[in-house]
Each structure stands twice: as C-alpha cells, then as structure tokens.
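Here come two complexes built around subunit A, the first alongside subunit B, the second alongside subunit C.
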Partner chain A sequence: MSLASTAQSSPRRTRLFDFLQPGARAAFTAIAVTAVVVLFLAPIIILVVTSLRPGWGVYYIYRGTEFTLANYVEVFQRSVVVEAFINSFLLSTVATILSLGVTVTSGYMLSRFKGWLPKTWFTSIYVFRTVPYISWVLPLYIVNESLGLYDTFFGILAAHVAVHVCFFSWIMKGFFDGIDPSMEYAAMIDGCTRWGAFRRVALPAAGPAIAALGILSWLWTWNEFLFALILTGNRTPLLTVTMAQFVTELGTEWNLMSAMAVMAMIPAVIITLFAQKYVIQGLRI
Partner chain B sequence: MPTVAADRQPASRGAIPATRRRSRLIGERLNFQIGLILPSVLVLLLFQVVPIFIGTDASFRRWTLYDPDKTWVGLEHYRYVLSDTNFLFTVLPNTFLLMVGSVGLSLALGMAVALLLHRGFAAQRLVQTVVLLPLMIGPVIASTMMRWTFNDQFGVVNAFLGWLGLGQPAWLADRWYAFGVIVFTDVWIWTPWFGLLLLAGLKSLPKEPFEAAALDAAGRWRTFTHITVPMLRPVIGVCVVIRAIDCFRTFDQVWLLTGGGPARSTEVFSIYVYMEAFQNLNFARGSAAAVIGTLIIMVAGLALYALINRFMDVSR
Partner chain C sequence: MAEVVLRDVCKRYGSYNAVDNVNLTIRDKEFVVLVGPSGCGKSTTLRMIAGLEDISDGTITIGDQTVNDLPPRERDIAMVFQNYALYQHMTVYDNLAFGLRNRKVPEDKIKAEIDRAVDILGLRDLLKRKPRELSGGQQQRVALGRCIVRHAKVFLFDEPLSNLDAKLRAHMRLELKRLHRRVETTAIYVTHDQVEAMTLGDRVVVMNNSRIEQVGTPWEIYAHPRTRFVASFIGSPAMNFLDGRVRSNGSGFHVETPGGTFHVSDANATGLAGHDGRDVTVGLRPEHIRLSETKAENALHGRIELTEQLGAEQLVEVVAEESRIMVSRVEAERDLKPGTPVYLTVEPGQLRYFDRETEQRLA
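Showing the complex of A and B:
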C-alpha cells in the first residue's frame, strides 16, 4: 500500500481514494489511528480513572475532580488480596518454568525427526489442542478431589503445565525449524552426543525465542480464570477469581474492584512497554 | 560389540552386512526420540487423557450424593442433553454465533489495524503498544472493564449515548444486547492478535507484485483484494482455524459479563457444562455435555482444517 505513492506519476482512472491525495491521506491516517487508539485505550483509561475515584464518585465518572489512592490502600488491607497476588505470582513463575522445560525437548523432537513417532505425536497434539479446556478440567476436579489435591498449589499447577503441552510443543517446533541443524551435525561429528548437540548447540540458539514464549506463558497463567475457578477455593486464592468475587460479594464497589484490576494489569503493561519485541516474536505461530 | 537390542527392529534390511550396527543406531535414535517427548507425553496422559477417560466414564453413571454406588445408567445423560431445548436452541447457536461473529469481526478489524500499522507513520511504535495491550491484559480484566463501561446506570457508554440524546439500553439485561457486548469484548481482546500476526505476514510479503500492480495502475482496493489477500491467505487461514477452535471454549468473557444470563440466554458451551456440573450439581450430566461438545468441536475443527487447506491450495 505504501508503494501507491510511487504510482502517482502513472496515469490511472479516478478512484474513491484519489481525492484524498495527498494531504488528505495523512488526515485519513490520523483519523484511523485516533479511532484505533481510542477503541483500545478508552476502556483501560476508564478503569484507571475509576480506581482513583472515591467510592461515592465512581458513578459520576464524567465529571468531578476528586481523586484518591484510598482504594488501593483499602484493597491491600484485605489479606486475601495479598495472598492472591503472591499465589498468582508463584504459580505463573513455576508453571512457566515447568511447561517450558517439559515441552522444549518435545518441540525439538518434532522439528528434527521424521517417521511414525513424530507424526503420531504431532497428530495427538493437534487433536488434544481442540479439546475444550472444560472437558478435561471438569474431571480433573474429581481426580484432584479424590487425591486430596483440590484447592492446593500442586493441583492447579498440574493443570497449568498440562494445558501448555500441546500448544508449546507446536510453537517450539517452529522455533527449532528456524534453526539450521547443520551446526548440530558438526557438533556430533566432533564427538557430541545427540543430547549434547541439543543442549549445547540447539538450545542456546533457540534461547531468545523460548524466553519470548516464557514471557507470554507467564502472562497467560497470570490471567487464567477457568482453572482457578474450578480447581481452587478459599485455601489457595488466585488473582482472577478473587477479583471476580469482588463483584458478586460487594455488589457495586466498582472503585475497589478497579483498583485490584489495575494492580493485576501492571505486569501486562510492563511487559508490553519493555518487552514488546519479544512478545511479538513469541506470538508467531 | 555384544548384540544387545539388535532384534528390536524387524530384519527387513537383513541383506546388508552392517545390519546389526545400523539397527542398533536406529534403536538408539528411537530411544532418544522417546526420551525427548516422554515428559510431555506423561504430563498429557496424566492430566488430560486420564481425566478425559474418567469424565467419559462418569457421563454414563448416576453421579449424585444419594447414589454412592454410581450406578451405570448408559446413555441417559446424553439423551437428556441432546433433548434439552436450552442446549440445542440456545447454547449451540450462541456458541457458533460467537465463533463466527468474533472471528469474522476481529479478522476484519485486525486486517485494518495491520494495514494501518504497515503504512508507517509517526508514533507508530506507540500505537503498536496500545494495540498490543488488550491481548496482554487478558479476558478477565477486559471483561471486568467492559462490564463497567457498559453498566446500564453509570457506564460511560450510556453516559455518552445520553449526551447524544439517544436511548440508554440496559446492556446486560437483554439477550441480544448482552450477546453484542460479549462479542464486542471478544473482538476487543482478539483484534490485536489478528492485527499483529497479519502485520508480520504483510512485512514478509515480496515487494515486486505490489510494484507491478502500481505500474499497471491498479487502485488500492484492487491491489488489496487481488494481491494482498491472496498472498496472505496462508496466514489468514492458520489464524482463523486456531482462533475458531479456541473460540469454541470461550468461558471467561461470558461468565464475567453475564454469567450466562439473563435467564440462561447467553450461555455458551463451556458455561453450560459448568452450570450443569457446579450449579445444578449434576457432574455426570455436565460430563456428558462436555463429551458431546468435544466431539462437535473435533469434527468442526477437522472440517475447518480441511476447508482451509483447500482454500489455501487454491491460492497457490
């Protein structure tokens, strides 16, 4: 599209966008950009503003100048909120490390080998990725309950590692596909074992991509709701469910809920601002 | 060398002198492959496959407190779910409507965002950051803020509509308005995903066809429909398949925005299963619905995959 400007010298029929040329084209871009920014930023700004309003002021969001940080103080005086933040942080970190560790070799295998085994494994991954989460988390609840794992850290951790097996194997395969295997062959000729070639050559080369996926994985676990709703209760409060309970328990205390939502949003904002390059790399399919 | 593990491979290559050595190598290779996928396979088996079997087994039983033996009842729960008018005429249509609406709209909007970002302008990085935000903050916070934005009494949307002098609907109290808000939220979350993947696709396209089109005096719209879209087809196809399959299991947005209400009219598949299992406390019936839904999405997913494959072949 940007090349259209080079075509201006060539003769052509008058078209709809032609009368926008060339100064108005910038105006069109400006309007479109503004629309996009408003669409994606406005709800976030509304949330932030609400979180800074005193309890009686949230209902008049479009007027008034009263701002306060009291909501944040009040939210963090509740022990369940603090506990939820700590639990979610630990869960995201441990689940990310474990799921990356479990799937990295699987992705490598899918990328480097051919034959019936990789083919079968890839098909199973594809099939299991289509299974809706609730279809296996629902019975996992029964399993956890009978094993005494319901509402424990390990119970929810297992679900979070399991959910990533299929997708991460698939994505990691893509990472290793982008790395030339000839270095590994060279390493093996020089006396490296197969495992050594993977660990010393392929793994470092895929490092940045894996880190990018790790960032996304951390954030997905942080934001996850369904597993937390089904597999945890009062003993292991997690961020998202605690936040959702704010609504039902307290009815209309939107200022407190917004304060918690803004706090929960901070990792996402930090990552978006400072690790954008990695995030976009990790999103590649 | 002792002849360990030589018999593992069939003796199809018996004629070659180096059989033993070679088949040992193949055996070693297979062991290495198995070793590489073993952790993933174990996790998948333990925490997904086994639960799925347990859930399927439960769906054939009576799973209530007053029946500790969990009597085998066969297809009773399946018969119930498949004759439940709520499931057939509300839940399934909602699920597919959400899938079509969300995927279609976020694809279209995402394409617009990608084209805009591909133009190149000042503050582009800033806009890209803003566009990335919805995807990063996740469905829970997004649904929460949308619920507040669309609040019928104090929400910004209604304040704005009031300022314009238009009607102020009770967004989440009417079936189709509520469904619209759900679709809007889903589109809000997933447009950036489409946008960024399509932008990456646009950036990887060769320049020559565009130059040729410009020389042939093709207009913007024609360049878009005849060059950009056909060349992006593989990316579009993969995005649509992944997103459509994932959309089938949408839970968070619906649960947090409407809870399936008003009067269970915005329930989608995952919500229905959850309601049956945890609200109506009929775990077996929920499992039966889960099995039915899994089968539906597997068939739909394979069909979609085949369709997209064909669609992508045509473009080559």
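Showing the complex of A and C:
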C-alpha cells in the first residue's frame, strides 16, 4: 500500500523532447550551437569583409563584389597609425612586466602572510576595486595634468600599472591560495630562506597562473580605451583612440577603421590560439 | 644524530594556548610519536621543532644547540608532510637533490646519496618522472627519500600516512618502521591514528587540550593509562566507562555500578584506599570482557543490542542498565541474537579506576 502510493506520487516527468520526433534534441542542439557561433562570429566576419572593401562599398554587403587591400595600405601610410601600434605594444608590454612584478609578490603576500600590512593592502585593493574604474579617469587626468604627465608615455603607463595591480593582485592571491604552502615549508627546511622558498618553489609552481595573468594584463591594456582617450593626446597616440579618429565631420571611414581593427585584433587572436592552454590551466589552479 | 629537548614550550595565539607548557625529552635515535585528537597541539609542537612556527615561551634544543631563534634551514632537520609537499615542477631526482644542492654538496656526492636512497625506497625507475605522474604511495616514498639523502639530525613526520588508503597505509607503516631501523635517526612523528602511534613509536606521547597527558612505551600507555582520556583514546574499540562508587567491606573494596558490582583486586586496592564512598569511573577494555549467556558470579547483566561480524571476531554491543558496553574478541562462530540476555565478566585486575572529577587514574 505504502509502496504503491510512493510510486504514484512521483510519476515520470514528461520532458519537452518527449513530444517531438526522435532526434529533435540533436537538431535543437545544432541550431542553438549555430546561433551562438553566428552571434560571436558575425561581427568579426563583417569587420573583416568591411576592411577588404573599397570606401564606397561598405554600407551594403551585396553592393558589388569588389575586394581590395588598399585600406590596409592606406592605414599604414599614416604615420600616426604606425606610431599608435608601436606605442600600444610598448605600453602593454612594459605595463605587464612592471605590474606582474607587483601583482605576483603582493598576491603572494596576501595569500601567505597575516598582520597589519597585508590587511591594509588587501583593504586598499578592495576599496579601489569596488570603485567603478570609470570614476578614476577624471582624478587621474587632474593628477597627470598637474604633474606634467598628461599625454606622456609614463603618465598612461602609471595609470595602467595601477589598474593591473589592483585588479590582478586579487586574482594572483587566488592562484597562490590554490598552491599548497607545505611545499614552501619543505623548501625552507631543505635550506631555502623564506624569499628563496617563494622564488624557487612557489613561483615556478605558479608559472601557468602567472602566464595567464600576464596575458590577461597585456590584453587589458591593449584593448583599453577610456584611459587612453582621456590621458593621452596627439603626442602619445594609442591604438584604440587612433582607431576612433576615423570618425570625422565628413563621416565615418568604416573601411579604414575596420582595416586597423583587424590588425589590432591579430595579437589577441595569436594569443588565444597559442596560449589558451596556459590561460585555462592558470585559471583552473 | 641528536637528542631533542622541549622545555616549558608554549604557543599562544592571542589568549588561546595552542601548546601549553610542554616538557619532553626525545633521546638520540628514538622514534617518538605524538598522538591526539585534532586541535590538541601536536602538529603545532612539531612545527615549532621544525621552526615553521615561533615559540611563544620555553626553549627547544636539538643536539647541544638551542634552536629557538634559528630559521628552519639552520636546524638540520628533515620533514615529511601530510600531502608530501613535493616540488611539482621538478623531477623526482631534482626533488631528492634540492636540499643537497642548497647546501652546496658536489653533484657526484649528491648522485651517490640519491643512489643509496633510491635503493632503500625502490624508486629507481621513477627518477625522471614529475610528482604528479606518481601514485600516492610513490609520492610518499619520494618525500621519505628527501629526508634520507639529507642525513639530517632529526626526522619530523606530520601525519605522513593519512592521505593513503587503508591498505597502503598499513604497508607504508611497516616500511617506515623498517626504514627507521635501517637509517637510525631521531624521529618525531605526529598522527591522530592510535594504531600508527602504537606500532611505530618507541615511546608515545598522548596529547589533549594543548597539554601532554602521558608519555610512555606503547604498552605502558595501553596497560597503565594515567588519565581517563588516555584510556579512551588508546585501544580499539575504545574502553568502556561505567559510573560507580567505591565501597569498603573490611578486608577489601568493591565498586558498585548500576549494572552490577565489581570486586577490586589486591593490586588495585592500594590505589583506591582512602576513597571509600567516592564517585569513580570504571574502565573496562572491550577485549577483556567475557560474554556468557549463563549466569555468572560478579557479572554485569545486560541485553545484546547489536553485533558486528568481522570474520575473525565479533563485536557485540550490550546494554546494561543505562550504559552501552562494547565487547570485542567474541568468537565469530557464536550465534548471538539482538535481545538475548547476557552476563559480562572481567578479571578484577584488568579493571581501571578513574577519579570522576579529576579524571586521573586511581588504580
């Protein structure tokens, strides 16, 4: 009696796909996957196609079948574009190298040490992270202006290093939290100093995480627009801002802008193709 | 090779005493096991000896040297951790060589040392592997190897077997014992597993609530526990405890419990002298209890609640009045049904008596 009632009270639930033909689930999955892929790929495809079209052929994809590389040539004949690429590359690289030195050590400190110093540091990072990053721009502009750093490489570099340190020390702490500290204790017993244990054991163990963080930092600065817009001008052109300058009073030169955007995308694509293993591995620690 | 002496050692975190006034002398080449429940301060004590924790009070000496202010690397110790703590990015060979390279030992000498350790531990084929390609038992061996090559004065073990499965643990326990006989180094071993403590230790240190409860050989700890805690912690299944009251009957003593009365043996009587009328706790080891279905003299009367068939023996839980009493070493063949009335008897000399309030042993 009791058995029968329990059986009745939980009948097999009828699922959506039970109403449909067999194989409907596979079809639905295929459609969903296609939709997502299209959603992500369409902007890139449109961008690439636009960059290969003459200026008069960009508004409608079907207007003519003419394709050309002239846009790329034209873009790179402008010295400001070349300069922007060089500046952005230098900025991303230098900012990443400088900030990694700080994020790695400070992340380690946050993960392993107790006391007033790590606590204060953690609190300040926390506060800076909670403040929306857009609200830093104006104060930073005023500071840079008054220190004579406006529109200098160093001015924008300092801002980026600051953001990296605040955003990524946090992530680095998480990585180190995932690494068992007894490895470092073993190293200290095996003859290392505290610093030696960090450098020779914890650091190599965090290698993939550091690589992942380096890539994230690099891409963050490479793609950053707001700081570049406010803190730099004509003397220090940066990629993202230069790209936006194709919007003129006479209209937007979509073809040129696209050509530049495609070139700007290349480093990100290369990194995604070759380093995604490290990024995934690093983020998993 | 060295003696390790802990004198009035304390570890305080704010107002909390993690280790409270520990005094202990570990003789040269001795294997001492610190055992106790989690949070009893055993690991903290070990970490203070290693130099991974500061000492709040007291002194620790290794050999002739007070090591209070020495960093771990200058204490000449080696340590095995619960999770092995192998350097993940190095091969087994480099893991073994790491400590020696830090001490600037020439590479050919390192090779000779590793050869020797590898033969002892059977790691020959694994030298080129990375730790994550090894099984738990193999990783454990590498961690041991890291100690052996160092020729440190003292080996420290922090629950080294607790991450292994039961079968491997029993195997590694034997290997550890064999290893100690072969390498002959002072060893301090921390565990919460009383079986490891009993089987490995030349002497066992039982800790509870940040203090040492008793130090002694495994047999002393088992046969003559100094406190109720030690009696309950050592032995499996755990000792049974009954509340009772001491009664003098002219020539000797007996102890009355709700389930029945125990005659106090002559040897125990001296300890109970002067405690007439006092509340005590009677301790009965499950393996000392005889279970019979026929009425017996001086027996506790109860009913079988549960039986656990282990193949070699049966464990029987008996309810006598309010108390649950575990009986072990009951012949596996006996057919015992729950609910059967039974009589439990114990040799009077095997009973242990503890003061109800102080929990110290009386007899």
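Descriptive notes on the structure:
FYI, the second predicted complex is superposed on the first by the 253 of 285 C-alpha atoms of A that agree within 3 Å, B and C clash if a C-alpha of one lies under 4 Å from a C-alpha of the other, contacts with A are read in each partner's own complex, and residues count from 1 in each chain.
Basically, a contact is a pair of C-beta atoms (placed from the backbone, for glycine too) under 8 Å apart; a residue touches a chain by one contact, two chains touch by 3 or more.
Owing to the predicted nature of the structure, the values given are computational and were not obtained by experimental measurement.
In the superposition on chain A, A:180 makes contact with subunit C only, while subunit B stays out of contact range. Contact with subunit C, but none with subunit B, is seen for A:189 once the two complexes are overlaid on the shared chain. Judged by the touch definition given at the top, the superposed model places A:207 against subunit C, while subunit B stays out of reach. Of the two partner chains, subunit B is the only one touched by A:127; subunit C is not.
When the two structures are aligned on the shared chain, A:219 is found in touch with subunit B, with no touch to subunit C.
Set against each other, subunit B and subunit C differ in how many residues of subunit A they touch, and the higher count belongs to B.
Once the two complexes are overlaid on the shared chain, A:79 sits clear of subunit B and of subunit C alike. Residues 194 of subunit A touch subunit B in one complex and subunit C in the other. Residues of subunit B that touch subunit A in their complex: 29-30, 32-37, 39-41, 43-44, 46-52, 54-55, 58, 112-113, 115-116, 118-121, 123, 127-134, 136-142, 144-149, 151, 153-154, 156, 159, 188, 192-193, 196-197, 200, 207, 210-211, 214-215, 217, 219-221, 223-224, 228, 238-239, 242, 245, 248-249, 251-252, 255-256, 269-270, 273-274, 277-278, 283, 286-287, 290-291, 293-294, 297-298, 301.
On the side of subunit A, the complex with subunit B involves touching residues 1-4, 6-7, 10-13, 15-17, 26, 29, 32-33, 36-37, 39-44, 46-47, 50, 58-62, 101-103, 105-106, 108-109, 113, 115, 117-118, 121, 124, 127-140, 142-143, 158-159, 161-162, 165-166, 169, 194-195, 198, 219-220, 222-223, 225-226, 229-230, 240, 243-244, 247, 254, 257-258, 261, 264-265, 268-269, 271-273, 276, 279-280, 283-285.
Taken together, the subunit A residues at the contact with subunit C in this complex read 180, 182-183, 185-194, 196, 201, 204-205, 207. Only residues 50-52, 71-73, 75, 77-79, 81-83, 85-89, 98-99, 102-103, 146, 150 of subunit C touch subunit A when the two sit together in their complex.
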